[in-house]
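Structures incoming, each one as structure tokens.
First subunit A sits with subunit B, and in the next complex the same chain sits with subunit C.
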Partner chain A sequence: MKRRRDLFVGFLLILPALIVLGALYVYPLILSVYTSFTVQGRYGLTNYVKAFDIYWRDIIYSVAISFATTVATLIVSVVVSGYLRFKSWKFLELMYKLPLFIPFLIVGHAMRVFLAPHGTLNNLLTRILRIEELPGLSRSWIGLVWAFVWIMTPYATLIVLGAFRSLDSAYIEAAQNVGASKWKIVIDILIPMCRPSIMVAFILTFVRTISSLTIPIMVGPASPNMITVNMMFRVNYFNDWGTANALGVVSYLIVMVFAIYYLRFMAAERGGIKA
Partner chain B sequence: MRKLCGVMLLIVAAVLLAQANIPIKVTLTMMVAGDQNMVDFFQYEIAPEFEKLYPNVKVKVVGTGPGDAGSQQIIQQLQLEKDSGKDKWAIDLVVIHEAGTIWAIERGLIRPYTDFLTTRRLVTMKTAEVALGVNVNGYVMPMFHSQTAIAYNPRFVKDPPKSYAELVEWVKKNPKKFGYNGIKGGMSGVSFVFGWVYWKSKNPDVLMNGPFDEKYMEDWPQIYAELKEFNKYVTLTAGNAGTLDALNRGEIWMGPVWVDMFYTWIREGRMDPNIRLILPEPGMPGQPMYFAIPTKAANADYALKLIEFVTSPAVHAKYIVDKFNWYPAIGVEYVVPHLGKEVFERLYRDIKEADLLKFGKRMPIADYRTRMLEAYERWVEK
Partner chain C sequence: MRRFSILKLTLKVVLVFIILLLVVGPFVGIAIWSFARIWYWPNPIPQEFTLRYWAEVFRQGRVLDSLLLSLKIALLTVGFSITIAIPAAYAFARYRLPAERILLFLFLMPQAFPQLPIFINLARVFGRMGLRGNMWGIVMAHTMASLVFSLWIITATFKSIPLDLEQAAQNLGASRWRVFWTITFPLGIPGVIAGAIHVFLWSMGEFNAAFFIGAPFIQTAPVLMYTASAGYNMQIASVIAIVLMIPSLLFMLVIERFLKAEYIAGIGG
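The block that comes next holds the complex of A and B.
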């Protein structure tokens, strides 16, 4: 009897969280999948046919951009974390966190002025190199990845550096004793031992990139586009929620591939530790 | 006795006060689609003036953002009000695009009201009757007309191309010096594309006025293939503002812009004032913004008064034309007496009124409009 009451109290305690989760997450998710299969009140795959017919290139592009961003972000964050693991540098410590406090919109605008053909960067380069009319990086995929890496690096670095720092120094000292260089320690000890955290950073960066709208609109090329831009376009210009939701479902599926991989990987890791 | 007198006096005072004509406090809620300048227009210019006229009214302005996205937001809000089944909706007045107006009428979200509007008789443009080929007569009063045109920098372009055909030649001689923002970054690019299709199509009038029939789309693959070829020689900019920025920085020498945005940037010192405009033959589209009143607006009477106020010639001249550089929604002849000479010349310096009538096209009707945009996605962006 008491046990049952405890269970009930426990249920009541998590109820608010469940309601919020259901109303703001599960319900919209189901609605979005449902909408993606309806065209003017009838069910069918028309939205998906249209989504793939017009946007198949953009879907591949989105995955490629997100992947490139994630890889570049991880490289930068591992380098920064590796450095900060061994040496304390207050300035860098502060600087890598700075982008955390700057809204996407501001970054987008700053980047498009900074990277424009006659923008800040090129004006500077022209002064130094004396070459006129350098090509601008804004409105190109390089500019887009650049802006993304700028934004995503702090989060990834926070995770990776946290993992590096929490690692027992004994491992590192042992390696140093037998003469391993710092670079070798990062590659051979820190990265393999902190793989779960790096995976978390990888997945978070990827998901945040593929779901971003502001940056691709402001910095990205006119075509191809990220999936999010096309979703916005479908809704704003055509009032076409069906195709927009179909594109949304496609991006859930892409993200899900990584989520499943992550869950399996984590389970394997835990099993490994137990054994 | 004294006490009694006091009580009597109080009662008399209360009765007198109750008799006095104290108007009820009203909050007039309006939702405005459009760029920030539209919101500023109502918030900082119109609301204070209107509140002076009607001290019991407080105007509350809610901006929903630029482009059809803004109209989309308004439709969603109105639909929510409708679905709630309330007798009095919380939104009294909306300012909305053509496409949004059609959606709103289809769903019964706005109501006819212009029979009660005296300034409706001053409208000379057809846009008060037809939007994107759909009859909207009675439901809308235009707030202003805005037009797209091509801006050029005379420092680099001495003799600007006067037609789309000349522009095609020009970009080949000056690659990457013409810029527009594609179709996903704002309506100035979209208008340029519509203008292109009008130029190449054998039936531009059908595209603008209907009827809709797929047989009028047969020549489109060729039209878009040529546009794709044209795009090889142009720069694609980031949005309406992106085109103006690129013009300013000298990255591009020509590009399509909204006339009102262009003049406003110049007035605010954000734009090189030497840059000029031209409306190329056979023309580019423009569009009106509409006032509409929700079906069950709680304060429809004051909404009507506000529309009447904004579209009255004196106010129209001072704010719409002079301060915000839009083309008037009512006939120019009614506005001119209230305008300074220099204002009139500023707005009609590069694009004469006659050009505007001749080359100022309408947006295509809704069915073609959707297909034109999708055709661009299918055939040009790949």
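The block that comes next holds the complex of A and C.
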């Protein structure tokens, strides 16, 4: 009896939060899927046909950009984490965390100024290298990936370094005793043993990249676009909610494929340890 | 031996320079722009400087208006988010709820799943209800999406408070309500503050919901920054960007030593 009363009280306490989530998140989520299948009150796949027809290149482009970002981010964060695992360097410790809480939109604007053809970076490089002109990186895929890596690295490094640091030093000392170099230890011991955390960093970076609107509208090229930018255009310029939502559902599906792969991976990992 | 250490020192200086260029460089560009009056290529610095654009932050006008609006929305969002999160966090920490992990994960969804389609559709729903172009529409959207920060942080804080303290008070005859207000809540205040700061920073810099729900009548600071930057009004955009960046950097420096990967690793798992 007391257990049931407790359950009831507990449920009442989380009810306001659940109502907020249900009305303001779950309802629009369902609405977005529903809208993607309707054209003027009739059900069908017209929106998807249209979305793939116009934007198939952009869908591939978005996945490719997100993938490139994720791989580059992981490489940077493993290098930084590997260094900081062995040596303490306050400067690097502060620098990698600095972008952590800066809003994406502001990073987008700052990167746009930084990477522009006559921006801060080229201004400096042309003077150091004594060349006349350098191409600008903003409004190109390199600039886009650059900005994404800049904003994603702090989170990824926080996760990877946390995992590296929580690993028992005995493993590392054992390897050092038989003469393994530091980078060999990182590659052969730290990375394999911290694979679950690295996977978390991978998924998190990928999802945050592919769902970002602000970075691609600020630094991305005019064409091809990330699908988030296309969604915005569809709504703002064409008032075309059907196609926008079809693109939205496509982005859900891409993220879900990764999430399922991740959950499976985690399940296999856990099962493996138990066996 | 000595030459080797000189080489090492030079390498380190070069490395520091490269890291500074990569990490701090982007801020230098916008900092210079915010003071520029005329700046043509190929001058390394602007031909003429001005404080005019910084004055806009303190003078009546659209820049100050947008900043005040963002501040108002962020403070209201913090208020709602914390008020809703505290009872829920207490329930998650102290009552054995069924499917606790799944429920907690559900609140992460707005941050860990594509957010843009949600806000686009929410803007449409709000449009029918007359909440589009309205501050309260943005506050509601922000409260929903930032609930995970306050809820997760406060839940973790409440869970870390030893149960013995509460039981001792209960044994002396205090009601559960009283125990909460005299023991659990005061001990949980650091978590509540951390959650509030997180929500505040997120709301101040949020663009997607503010853009689609606020359009076309109201402009928060990030939306005005976007409009200015897209219209090549670099000075206004840079001034707003720097003003919005200051709280994030301050917070970063303050909590730097308390920052733990576990919190954020938890977000992924």
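To be clear about the criterion, the second predicted complex is superposed on the first by the 252 of 275 C-alpha atoms of A that agree within 3 Å, B and C clash if a C-alpha of one lies under 4 Å from a C-alpha of the other, contacts with A are read in each partner's own complex, and residues count from 1 in each chain.
One rule holds for everything that comes next: a contact is a pair of C-beta atoms (placed from the backbone, for glycine too) under 8 Å apart; a residue touches a chain by one contact, two chains touch by 3 or more.
Please read all numbers here as calculations on a predicted model, not as lab measurements.
J.: Fit or clash for subunit B plus subunit C once both are placed on subunit A?
T.: In the superposition, subunit B runs into subunit C.
J.: Classify the contacts of A:Y171 with the two partner chains as first (subunit B alone), second (subunit C alone), both, or neither.
T.: neither
J.: Counting only touches as set out at the top, which of subunit B and subunit C does A:R57 meet: first, second, both, neither?
T.: Only subunit B is touched by A:R57; subunit C is not.
J.: Is A:Y261 touching anything from subunit B or subunit C once the two structures are fitted on A? First, second, both or neither.
T.: Touch partners of A:Y261: none, neither subunit B nor subunit C.
J.: Could you look at A:F238 and tell me whether it touches subunit B, subunit C, both or neither (first, second, both, neither)?
T.: In the superposition, A:F238 touches subunit B alone.
J.: Which touches a greater number of subunit A residues, subunit B or subunit C?
T.: Comparing touch counts on subunit A for subunit B and subunit C gives C.
J.: When the two structures are overlaid on chain A, which partner does A:L121 contact: first (subunit B), second (subunit C), both, or neither?
T.: Touch partner of A:L121: subunit C, not subunit B.
J.: Mind working out whether A:V107 is in touch with subunit B, subunit C, both or neither, as first, second, both or neither?
T.: second
J.: Contact-wise, after the overlay, does A:S138 reach subunit B, subunit C, both or neither (first, second, both, neither)?
T.: First partner only, subunit B.
J.: Is A:I217 touching the first partner subunit B, the second partner subunit C, both, or neither of them?
T.: both
J.: Report which listed segment of subunit B has C-alpha atoms clashing with subunit C; options: 19-27, 73-81, 163-171 or 343-351.
T.: 73-81
J.: Which subunit A residues come up in both lists, the one for subunit B and the one for subunit C?
T.: 112-113, 118-119, 217-218, 232, 235
J.: In their complex, what parts of subunit B are in touch with subunit A?
T.: Within the complex, subunit B contacts subunit A at residues 67-69, 72, 99, 103, 181-185, 235-239, 242, 245-246, 249-251, 370, 373-374, 377-378, 380-382.
J.: Flag every residue of subunit C that touches subunit A in the complex, lowest number first.
T.: 16, 19-30, 32-33, 41-42, 44, 84-85, 87-88, 90-92, 94-98, 103, 106-107, 109-110, 112-122, 124-125, 140-141, 143-145, 147, 151, 201, 204-208, 212, 222, 225-226, 229-230, 234, 237-238, 241, 244-245, 248-249, 251-252, 256, 259-262, 264-265, 267-269
J.: For the complex, which residues does subunit A have touching subunit B?
T.: Touching subunit B: residues 53-54, 57, 112-113, 116-119, 136, 138-139, 217-219, 221-225, 229, 232-233, 235-239 of subunit A.
J.: Given the complex with subunit C, which residues does subunit A contribute to the contact?
T.: Residue positions touching the partner: 6-7, 9-11, 13-14, 16-18, 20-21, 24-25, 27-29, 31-32, 35, 91-92, 94-107, 109-114, 118-121, 123-124, 127, 150, 155, 158-159, 161-163, 197, 200-201, 203-204, 207, 210-211, 213-214, 217-218, 228, 231-232, 235, 241, 244-245, 247-249, 251-252, 255, 266.
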